[in-house]
Amino acid sequence: MQSGLGVKAARVAIVVALFAIWEILSRTGIVNPRLLPSASDTLATLGDLLQRASVRKDLAVTATEVVTAFALAVPVGALIGFLIAENRYFAEVAKPLLFFAFSIPKSIFLPMFILVFGVGFSQKVGFGFFSTIFIVIMSTTTAVESVKVEHLTVARSYGATPMQTAFRVYLPSMLPVLLEALRISMIFNLTGVILAEMYASRDGIGHQIATWGENFQMKQLLAGVVMIAAIAIAFNELVRWVEARCSHWRT
Amino acid sequence: MQPLANIAPLKPAGAIEVRNVGQVFKTTTQDVVALDNVSLDVKPGRFVVLVGPSGCGKSTLLMMMAGLRQQTSGTITISGAPIPEPDPNRVGVVFQEASLFPWLTAEENVEFPLALRGISKNDRRARAQEALKLVGLDGFGKRHPHELSGGMKQRVSIARGLVQDPPVLLMDEPFAALDEQTRMTMGDELLRIWAATGKTVVFVTHSLTEAVYLADEVIVMSPRPGRIVDHLQVPLPRPRTYEMLSGDAFGSLRDRIWRHIRKSA
Amino acid sequence: MSAASVRRLIVIGLIALWEILPRMGFIPELFLPSLSSTLAAGWNEAGEYAHALAVTLYEVAISMAFACGGGILLGAVVGSLPRPRILIMPMVSSLYAVPLVILYPVFTVWLGIGSESKIAFASIYGFLPTMLATAAGIQTIDPQLLLAARSMGATLSQRLVRVIIPAAIPTVLSGLRVGGALVIVGVVVSEMLISSAGIGYLISRYRTILDSPHVFAGVLLVLAMAVAFNAAIKWIEGKAAIWQTGTRAGQSAEEIAPAALQPAT
Amino acid sequence: QAADTVRIGLPTKTYWPTTIAETAVRQKLFEKEGIAAELTIYRGGAETFEAMAAGAADVILDATSLVSAGRKKGVNSKVLANAAMGYYGWQLMTLSKSTLGVKDLNGKKVAITSAGSGSDLLALWTQQDKKIEFTRVPVGGGGLVPNLLAGNVDAAVVYSPLSFQISKSGEARTILDFSKEVPPNLAAGWIALDKYVQDKPHLVQKTLNALYGALMFMRANKDASVKLITELYEIPAEIAALEYENTIMKLETDGAMDGPKIPEQLQLALDMAKAGGMKDLGPASEIISTQFKPVLTKF
Amino acid sequence: MQPLANIAPLKPAGAIEVRNVGQVFKTTTQDVVALDNVSLDVKPGRFVVLVGPSGCGKSTLLMMMAGLRQQTSGTITISGAPIPEPDPNRVGVVFQEASLFPWLTAEENVEFPLALRGISKNDRRARAQEALKLVGLDGFGKRHPHELSGGMKQRVSIARGLVQDPPVLLMDEPFAALDEQTRMTMGDELLRIWAATGKTVVFVTHSLTEAVYLADEVIVMSPRPGRIVDHLQVPLPRPRTYEMLSGDAFGSLRDRIWRHIRKSA
């Protein structure tokens, strides 16, 4: 555990190094600064953007959509994944279909969502949900399969109800895989919502980013990307914090 | 209105009836007959020890009594009713392999069955402490399984079995990883609890001395296919003492079992 | 009814709906042209589609090798070495958090608009989840098994190939599935965004001119790729089935007693 | 009592219809008509049209060719008002340091946004008109300038105000100005589904009144309009002024669809689209609606 | 040119030297001194048995001798050299928990260490068959671990240890899950192999009878912290016979150990 500090330092060092390389590439003109504005410029723009009420509102809109889609997709996906892993019949019916659905580019269906939901909150949440649920299902299935039979036997012998088995045996033993799944799902979710915003929307940060891109406003574009990345990374860190809390028993 | 129901012979809590039970495993290569036509009656409150060479089907029989595995043929009743599902109110199990949950501490592992029944945190903790003390693991409650030695893990597993207090207790080689002294102490402890609570205990062991020392009855099994080859009553008085170990009665019982084992192993 | 036939019924039902809904006018042809007109459209331009398919398959194949092969291997290495795991994994998953799709137009500046940029994008898109999932799966491996392998002098690569990967096989397989699927998605999406060849290109081109039958002919080809990919995975799973015996994924229905198979909610 | 809401679909943010609709909103012209407007920006013309077909947009601005193509796909809509007779602000550009002329593009690579889009039509038109052959490379809206700067393509078909922007910054120069070279044709108009027109003709009328009123306002108020463009698209004022002069001021002011030349000019637009790969286009006459004549809202 | 090197006392293969070894585990709650200043010399070819109450550090000591865990203080040399890493050419281990690879059959588990060394398939199979026969599992080679009983698994694990044929063999309670008959047979088998190959064996058991029966020397440990409290030579002649079990010499040795255990448990 003493190495914790060293690791943190190493991580910070790597991040700083990445930003430094970015800055140098741009400043020295190795990469055309019009195409890659320097890190400092980008960060300055980011600060600027965050000052704007409209950007903050867009962020809030996107955040609400992302959180809603995530809050819907994860439990539903986990439940389906769980059923698939635990019920052979259901698994045989649904597994190939779901896995098949997973390998289709979701953006093909964006117009369908407009057809069903119109343009707005529910369409974006719907598409975020749709982009996320399959990965959640697949990861849960895998996670469930990694649970040891002996542990289930013990729980059964003590008369654990299915709920108890789920929360006291499955959940803790699946935790590492599950948390990883959560992380990946969040990224899919975020990308889904942003794609939907870019495709058609009145507000949201994805909408802004699309505009900046089409207008060749590289500083704003990069700042927007950094902003979204920062949000995703913050979520990552949150998951990792939970992970650290929960898995000290693993050596 | 239906007085007959009250008159009908009522199977008291703790009786075990095994009738013509068979178990066949299907493996990739062939079918394995693990148990063949096993019948067995255990009266409530008896301490029965199951012995037999490795692979003769002792664990399999226990799993069926616990409702954790269904027999291929025959019937099993516990306290008068079949046991299609594990029922912790009727049967408790201590497994051959400790199977502790690695994410819980020793204490929490012992509390696990109580937590399932929704017993309050304080109560649970108190009873777990007591059970851990019983198996000599006072002060190890906060450790995780990977921080315990083999024998310690097994003792946690025993504590977990004892804490739930069912009328029938099935124990699969619970003392295998223990040193002789600990083993004796724990055996005496077990007998004390058994005598005080009137539980029915089915106990698997490879130590014949332990078998005779603990048992009211010893059931000897032979392998391939698993069958009961002998069922002895142990007429030694209770409480048992270490002096009995060197007595003739003890020796001749032990020898009788030994001859069965030698033949069939 | 057997699971397979239910599944077949669902598929047939979906296909029938695809034909009927647009025909009856429930969905405008712009959003979903009937299956028959889609097939006709595809057939009329068979040559164009064949060429596009070849381009896409080529990109998919190469990205697949990078994403799945590299992802599993690196995931296994990183997952099994604590130091790199602690240092690298959080950075990798943070890296993945950068929404690459948005940056894709800028991406093409450095990699050109040919296959290279698609391959790079799809490889990264598929690589990271595969690696993350594999590394996470590795952590659920019983450390005792690694200890045993080490004691027998297994080198790092031997441990990887003979212990870590087989022990993590369910995770690895799902990594393969996720990674492979994402590669297909990644290639098609990047083709849709910026390219002058491939199925994705055809889809977005026909979409721009509202030629929906041709759009869906392209979608149909993507579906076909997904089907083929699933078949391939199934084949690999079949091969890996022997490795899974003893894990939950590989146990037959009788192994886990019936109750465990009940849905848990 | 809540006013009726008209959902207006706009193909991209920086495209001039957005400017008009935003002006109408800010000058409260919709309010004056007694309606509310909800503006939604889509990724492109095709997406906007799909949104209308899906019932997510009521009145849209789009390429007239899509209306014709849509009729064959079961989406019945008409062009209600003439908005632009040309491709204002669209330019074929190369890097400033490049010496290529239009004729030199033979065998070279030219970036367009996406295949089948407006930029593609213009590229195809250039090939026909100048009798040259080049490769059209779809790079998306966000990829035009980066790929041009990176030298991945030799020229690009750039829309406004981006075209003014990179020309002003000295990065690129115009070698062909489509607003001047392409013969007048009814390239873009305000569009609605037949069903919507039938159900709510009064809303359509009011919407058009407000939109054309907004255009009038802009023509009359240069400073305010330039300021709005500057704000909306985060571009320098001088670029906004260019956009104002070269785009806004060129737009059709009355929206009339009953002029004698309209069918011909619309047909010209459809013919260009056919050259661009669109199949199944009907005659121009079936997509003309003369039902509305905007009565400009007073500002 | 350097004759001196030949004259210098050469540590023969199989010698074990443990010097002032300590092991401290850091747990979340406190530091645990598992072993404290343990010193021990095992001459090549000796059969040494380690006994002591549960949790006294026997397994820990074995892990350190195997190079699977580094001591916190002191030095350990095997065949004259320290063992910072497991080295199957010097030391083989049979673990307290069977630790079989669940995806391999019994046979393949036994072959595993041979496969690591690149021994040919046929050779491997032949040697695995022989080892399985030795532990009485003829005909069970094709089963997977989950299809075996507890004792059978342990025997597979013993076979896997034997097949490696290292000069030093460390065995952690290998016979714990076996019935008395099998245990005796396997003990004799082990003694035979040991005598024939001249291996050094360090053997942990809880059965004092087994300890005295098998050992040249018995080392007795006490817990918390783990220390060596006695080191006895067993002067009984070889080959050992079951008659010796009832002899006086045997009894008094057994008693001496028993007293230590009783005191410290």
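Letters A, B, C, D and E mark the chains in the order given here, with residues in each chain numbered from 1 onward.
Please note the rule applied: a residue touches a chain if its C-beta (ideal position, glycine included) is under 8 Å from a C-beta of that chain, and two chains touch if they have at least 3 such contacts.
These numbers come from a predicted model, not from an experiment.
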Look at all chain centres (mean of CA atoms) and spot the one farthest from the centre of chain E.
D
By count of C-beta pairs in contact, the leading pair of chains
A-C
Where the CA atoms of chain B average out and where those of chain D average out, how many Å apart are those spots?
83
Distance between the CA centroids of chain B and chain E (whole Å) is 30
Where the centres are mean C-alpha positions, what is the separation of chain A from chain D, in Å?
36
Centroid of chain A to centroid of chain C, CA atoms only: how many Å?
17
Each of the following residues of chain A touches two or more other chains, namely 35, 111, 115, 149, 156, 173, 198, 210, 213, 218, 221, 250-251
Can you list the residues of chain D that touch 2 or more other chains?
50, 54, 141-142, 146, 149-150
Residues within chain C bordering two or more other chains:
31, 105-106, 109, 143, 245, 247, 251, 255, 257, 259
Spell out the part of chain A that touches chain B in their complex, as residue ranges.
150-151, 153-161, 164, 168-169, 172-173, 175, 246-247, 249-251
State the interface residues of chain B toward chain A in the complex, per the touch definition above.
66, 68, 86-89, 91-93, 95, 97, 99, 101-104, 112-113, 115-116, 144, 146, 164
Footprint of chain C on chain D - complex, ascending
44-46, 49-50, 53-54, 66, 69-70, 73-75, 114-117, 120, 135-143, 146-147, 149-150, 152, 273, 276-280
So in the complex, which bits of chain D are touching chain A?
7, 12-14, 38-43, 47, 50-51, 54-57, 141-142, 144-146, 149-150, 162, 165-166, 171, 233-235
Note: in the complex, chain A contacts chain C through residues 3, 7, 10-11, 14-15, 35, 79, 82-83, 85-94, 96-97, 99-100, 102-108, 111-112, 115, 135, 138-139, 141-142, 144-149, 152, 156, 162-163, 165-166, 170, 173, 176-177, 179-181, 183-184, 186-187, 190-191, 194-195, 198, 206, 209-210, 213, 218, 221, 224-225, 228-229, 232-233, 235-237, 240, 250-251
